[in-house]
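Below, each structure is written out as structure tokens.
Shared between the two complexes below is chain A, which has chain B as its partner in the first and chain C in the second.
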Partner chain A sequence: MSFRLECKKIRRTGLAAAFLAGSVIAAALPVINTAARPDTFSSMTGSPAAILSDANLQMISMLNLLLITAGACILYHIEYADNGLQKIQSLPVRESGLFIGKCGILLPFVLMMILFETASLCFCGWRWLDAGKEELIEMLQTLGFTLLLTLPATVTALVIASACRNMWTALGIGVLCVFMATMLSTDNFIASLFPYALPFQILPGMETERVIHYCIAAVCETAAACAAEIIHLKVRRLFA
Partner chain B sequence: MNMIQTRNLTKSYGGFTAVSNLNLHVPKGSVYGFVGPNGAGKSTTMKMFLGLTRPSSGAFVIDKMSYPHNRVKILREIGSFIEAPAFYGNLTGEENLDIIRRILKLPKSTVDDALELVDLTPYRKRLARKYSLGMKQRLGLAGALLGRPPILILDEPTNGLDPVGIHEIRMLIRSLPDKFDCTVFVSSHLLSEIELMADHIGVLNHGHLLFEGTLEELKEKASFEGYPDENLENMFLALIEEDNMRRGGVK
Partner chain C sequence: MNIFTLTAVEFKKIKRSKILLILIAATLILWFPNILNADLNFDMSDIGISPENSFFIQGFMGMAWFIYPAVMVVATVILVQTERTNHGILKMLALPVSTPLLCLAKFIVLAVAAAAFILFMTAGYYIAAAAAGALNDYSFILAPDYVLPFAGKLYLASLPMVSVFWLIAVCISTPIFSVGAGLISIVPSVLINNTKAWFVYPMGYPFYLVMTEYGEVAENIGKSQMDPIPWIPVAVGITLICLLISCLCFGRAERR
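After this line comes the complex of A and B, so read on.
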């Protein structure tokens, strides 16, 4: 129910168009990068997944995070701009349902974005790096891992957007978080657990134990962000 | 029987008390006019009924259901319109009402019904953000009337309307208890406005209820206490002024 309502609410917001355009740009990046200097990549040692991830995933992840932040801001801006949220609050629905509905909208867009990027990386691997079936599967695993690690940032972006009436505040905080994440060392495990830093982790070459730790961390951080939103809603109602 | 009843309902923000020990009795099937100057606590009281603001102390019962245990059940019974119109600007008037209809699980025909009631049918496909203030006000009213709820809480519903619109909405509100068997709790800062549609009145000033009863009872009280009773507006102003003087000259 919440999901269907949210689908109706995003009409004419440009959200779908923004994600589609963002996905195409992010997907075009590895193609342009590899097509411009194919010899550089083909002479590199390592699996095609590792070569392509090292060369492109940082930029792709940053684009993804910026798009997620903007998307979360749009989703809550429609609630705050003309006081629509107040109307919803005076109806027999739980506000947490609204948040779940927004997650339900944003996550498929994130999935679409990552699917576009996966297709693009697979194409680059097949076209320029002679990737076979196994290498393509490795690329799919890489992007599945990226999707899981993007979840905490997605939910956190929605929590921030939900807490800020002013869209520009939420957008500013989100952009700051993205740039902070790019400055954090990816080698330091604790620092890399920052929700916005997780999507910058690259699967190829990572120890299995560390992969498991990151997966657990992503699930825990997503759950923690959801819990934070529920607490925030309760506190907001308490002090209203 | 009272549809809405409060017991010592109070709302404080830090050291400021917006509503103080309010004891309201809104009879079933009546149009109850809640009058008071700006900042008297009318909207705060209404927000408490809708769960938008948490009472600091006291309690209230709506249709025999107490808050906060039955918050969702209470909201199912209420159609509301609080302060400024609340809507989604990127959606048309019809789509806005459809969102509310889906939440209330009402049939599709209720949207047409509500649009017709407030004369918005010709503008149903227009984006809500492109509506004039009066049209936004009508859209808010349509949202409150959707599904013909047994209780209507309307906060200054004629704000922003032209004289013809004010007259139409007044007539509509006046007719609602007979037409839809509902109770209307409507606020205004103008007694002259309320006297044309309400049969019960509550006068609020600085969060305190100064009077509750019918218009006739208000006239009797005014005449008994020596207020000007030939004109309701003067009576209201005298009542408020005396209360302000009692509170140390606060205007």
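After this line comes the complex of A and C, so read on.
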């Protein structure tokens, strides 16, 4: 019930259109980037997935994170504006159900963005770097890895948004987190575990052991963020 | 009410908005890693830049490319949303106050927030340079007669960007689109700065200014020119057009 209700709530926020537009922009970036200077890329050594993700994935991840932050803020802003949240709290439903419903809205959008970007990167690889089937599969793996590493940031953004009554506080914290992620050095493994820094890790050229560590970290951080939200809701209820 | 009273009222409205906290946090996040990694600035012989110049440029580069525009987007959200919650804007529109003046007053608040951020950045730079100097036994501090005019130029160069963000915030009343459009417009600024038509994209001006300065003080970095023609006329034109349209559009969604 919660999920269908959430779908109805976002109908007039323009969230779907915003994510669609964001996906198209993010998908257009690598195409423009490669089409503008195909010779630079085709003369590089390395697999198409490595070349293309080195050239584009940082920027794409940045776009994804910004859109996720803004989307999460809006999802909770529609609850806080006009005190919708109070009405939800008075209903005989669990408040954490609301959070799960919001996750159920935001995650498909993130998936959609990454699918668009995968399609665009695969197109670039096929069109300009004559990638074969194996190279395209490597591309899929790269983007799948990015999707997994984007999950902690998505859930964290929702936790921040649910904790802040004003949209700008959540947006400000989110923007600061994205900025912090760009300031952290990538060589340091511990620093790169920061949820917003994870999506900037690129799969091609990474050791298998490190990949596994990142995957475990992403799952753990997502679970930790969900746990933090549930505890936060309980505590907030106690002191409300 | 004249523009001064209106601006004073607008400042009162955002008194409790924590915008200063966000600005200070951004300054801290920016300079703290720079202090810790200050020793990297000694290893710049292949670029041909002195350590103190490198420290200064690296910090301001980090600010101009992302956090400064992003903080300005957040500030526009603050200004717009304080009015929208509880329909404050309807009360303002019912008063015998000219709406363009109201819009201008809000823009002045935004411009002051931008100035405050640049001020914090500059103050943060001196504190960070002193701290990094104490850690590495080297003086990173540059003379104020170089830093302050540069900060001033950076501020003036960013005003067109601020006015574009204000236009986006006023004209797009759906929050997700105004926030999303503002944030997303930051990302391609580096790409556009590399083209010949960089001067048509206000979001790239601050970063371009810092990059030009980088080319000045470093010997082996490609020089980029910031020719005042056609940049200044285009920038002034963009600012005026954005302000004009936002003043005309202000409150239109609420009045219908």
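Assume the second predicted complex is superposed on the first by the 240 of 240 C-alpha atoms of A that agree within 3 Å, B and C clash if a C-alpha of one lies under 4 Å from a C-alpha of the other, contacts with A are read in each partner's own complex, and residues count from 1 in each chain.
Rule of thumb we're sticking to: a contact is a pair of C-beta atoms (placed from the backbone, for glycine too) under 8 Å apart; a residue touches a chain by one contact, two chains touch by 3 or more.
Because the structure is predicted, anything quoted here is derived from the model rather than measured.
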item	value
Partner chain(s) touched by A:Lys133 [first = chain B, second = chain C, both, neither]	neither
Chain B versus chain C as contact partner of A:Arg11, first or second or both or neither	first
Contacts of A:Leu238 with chain B and chain C, given as first, second, both or neither	first
Touched partner set for A:Val93, first chain B, second chain C, both or neither	first
Partner chain(s) touched by A:Asn83 [first = chain B, second = chain C, both, neither]	first
Winner by number of chain A residues touched, once chain B and chain C are compared	C
Touching both chain C and chain B, counted on chain A across the two superposed complexes	13, 81
Chain B residues within the chain A interface of the complex	47, 50-54, 72-73, 75-76, 78, 80, 82, 84-91, 95, 98-100, 102-104, 127-129, 143
Contact footprint of chain A on chain C as seen in their complex	17-19, 22, 25-26, 29-30, 33, 37, 62, 66-67, 70-71, 73-74, 77-78, 81, 84-85, 174-177, 179-180, 183-184, 186-188, 191
Residues of chain A defined as touching chain C within the complex	13-15, 17-18, 21-22, 25, 29, 33, 59, 62-63, 66-67, 69-71, 73-74, 77, 81, 166-169, 171-172, 175-176, 178-180, 182-185
Parts of chain A lying in touch with chain B, wherever the complex brings them together	1, 4-5, 8-9, 11-13, 78, 81-94, 237-240
